[in-house]
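Given below, in the form of structure tokens, are the structures.
What follows is chain A paired twice: with chain B in the first complex and chain C in the second.
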Partner chain A sequence: MGDRVRSFQFSGEGFVPPSTADFNLPPAFGHSEYTTKPVFLVFLSIIVVSAFFIAASRKAAIVPSKLQFAGESIYSFVRHDLGEEIIGHEFMRFVPFLFTLFTFVLTNNVFGIVPFLQFPAMSHVGFPYVLALFSFFIFHAVGIKKQGLGKYLRGIAFMPGVPKFVYILLTPIEIATFFIVRPLTLSLRLFANMFAGHLLLLVFITGGDYMLHDSHTFLKILSPFSFTMGIGMTFFEFMVQCLQAYIITLLTALFIAGALADEH
Partner chain B sequence: MHHLLFAEAAANPLVPKTAELIVGFIAFTLLFLVLRSRVVPMFEKAFAARTEAIQGGIEKAERAQREAQAALTEYNAQLADARGEATKIREDARTQGAAILEELRTKAQEEAARILASAHSSIEAERQQAITSLRQEVGTLATDLASKIVGEALEDQVRQSRIVDRFLEDLEKSK
Partner chain C sequence: MASNDEGALWSIFGYLISGLLIWGGIGMALDHWFDKGHHWFTLGGFLLGMGASLYLVWLRFGRE
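Now for the complex of A and B:
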């Protein structure tokens, strides 16, 4: 980002708004796609999450320390609100997956506003795709295991309790929903929110920077407003980041619950 | 500028980079394995221990409550027993007292009757004695008096005795 800002500062060609190209950060070293910032951030996130939760759960005390309490709060939020409440009595099998999904997405999202990291890995669509694939694979596997392949697919394609002629419309819609729309919306919702949020911050902050350095006096005066807006949007982003982590986990839990239920 | 080259290489943000798919998969799997093996069981252990501690506490309290209840019932029973005992003892004492009183009264009455009877008999004896002695003395006195008054010596014992007897018979008749 800093690189980019400098590039248009010296260009003297006016403000270049941030674009999708700004998300394609160059590799930190070498020429490999494996040495880019999002890749490092994703690895950093799993180290941070693992370290935090191992430290928090290590003692497993009846009366928790502050650290254990903090870890437990997040864990029991996923376990209870996203697991037990939605999936029902078989929820415990899915808690590790849901817990990983939630903490992984939350941490990577929040990295988007953590100083010096300041990049949401989920704005690179490859990561959300992977998560959606996991979710997709798991909820179908659960459904097939629970109901048998034939019955499960029949349940999706021919929703029970519907007049026969409606299947002309319903069957393609249901199949598309279960095999295309669900994984796609799951990943794209997360991707788009993180992408747009980061872009929004870029606009206000690079815009403010441009106004301060490269414009006329009048615009220089206005630049604090742009920065203020950038700070305000940062708080808003934090909310969106948490919300998106919650939503992707919630929807995955709902899909699993749907696959576990006999009737769709 | 490097990044312009990359921008051209992957201009469409919806097309994933292979590296990121692989990294995402590996990172997520690693995190999943760590959390599943190291974190989830520990939290579950803590939850279970907490549940047990709370339930154990409740059970303990319930047991104590039951024990206290049993002890209370026992004490109440004992108290009731003691009360019954006391009542019985009091009742017995009253009965015994009444019996003793009755016995004493009877004895006293017997004694009184006995004393009365002996008094009567002694009085009677004394009366008889008095009558006897009186009979003798009156005869002597009367004879002495009569002889003095009449001036007639009534030395003759037989005649004297006859006169006295006749006098006493008259006395008895006039009664």
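Now for the complex of A and C:
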């Protein structure tokens, strides 16, 4: 970012709007794409999440400390609102996965607005793809284990109580929904939200910077508006980041619940 | 029940997309294959897919 901003000031060629190039950060060292910022942020998020919940649960007391209360609130939110409410009586088996997914995605998303970190790793589509693959394999495995392979696939492909010839029309849609659209929308929704959000912040903040340093007096006067929008959008982003972490976990729970249910 | 409604919302969304993708895709493939210079199969495919997925949504969520 520092180099970008400086290059605006001296180039004098007008404002260069942020683009996808701003997401391909150079490697921190060496030439490997495994030493870029998003990779480090993902590892950092694992450390942060682990450290937070170890600290929150280490001295479990009946009268909880503030830290313990915070940790338990997040846990009970995932366990109750996303696990028990949606999956039903078998929910306890899936709580560890849902909890990991939620906290991992939430932390990585919020990194997008934490000063100096300021990059959501999920704006690189590879990370959401992997998360969606986990959900995909888990909810299909759960369904196959619960109902048997044949019965599970028949349940997906053939809707009961429909004339036979209609299956030609409906079966391809059902199969595409369960095997292509579900994992794809799960990952693309998260990716697109994080990508667009980061781009939005870049527009307002680098735009404000350009207006302040590198343009007419008239635009200099207007630049505070751009910064104000940038700050407003940062709060908006925080909401989106939490919401997207919630939605990917919610949908995973819903898919698991659907796979566990005998009849759709 | 709120969570179930939310689940239904996303399932419906998924069905509508895959209906369009599958039957629209088949229509486009047919047009490409026959190469007659028109796109009636694509149009028909999209309409068929839309109709089929709406029917599917009705079967899944509107029947009870």
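The rule is simple: the second predicted complex is superposed on the first by the 264 of 264 C-alpha atoms of A that agree within 3 Å, B and C clash if a C-alpha of one lies under 4 Å from a C-alpha of the other, contacts with A are read in each partner's own complex, and residues count from 1 in each chain.
By our rule, a contact is a pair of C-beta atoms (placed from the backbone, for glycine too) under 8 Å apart; a residue touches a chain by one contact, two chains touch by 3 or more.
None of the values given here were measured: they were computed from a predicted structure.
After superposition onto chain A, the modelled positions of chain B and chain C are compatible, with room for both.
Of the two partner chains placed around the shared chain by superposition, chain C is the only one that A:L250 touches, whereas chain B remains out of contact.
After the superposition on chain A, the angle chain B-chain A-chain C between C-alpha centres rounds to 100°, nearest 10. In the superposed pair of complexes, A:T217 makes contact with neither chain B nor chain C.
By the touch criterion defined above, A:T185 reaches chain C but does not reach chain B.
Put chain B and chain C next to each other and count what each touches on chain A; the higher total goes to B. In the superposed pair of complexes, A:L170 makes contact with chain C only, with no contact to chain B. The minimum CA-CA separation between chain B and chain C in the overlaid arrangement is 18 Å, rounded to the whole angstrom.
Residues of chain A that touch chain C in their complex: 81, 85-86, 159, 161-162, 166, 169-170, 172-174, 176-177, 180-182, 185, 250-251, 254, 257-258, 264.
Considering their complex, residues 3-4, 7, 20-26, 32-34, 36, 38-39, 42-43, 45-46, 49-50, 53-54, 56-58, 60-62, 64, 68, 71-72, 75-76, 79, 95-97, 99-100, 103-104, 124-127, 129-131, 134, 188, 191, 195 of chain A touch chain B. Remark: chain B residues 1-4, 6-7, 9-11, 13-21, 23-25, 27-28, 30-32, 34-36, 38-40, 42-43, 45-47, 49-50, 53 touch chain A in the complex. Of all the residues in chain C, the ones that touch chain A in their complex are 3, 6-7, 10-11, 13-15, 17-19, 21-23, 48-49, 52-53, 55-56, 59-60.
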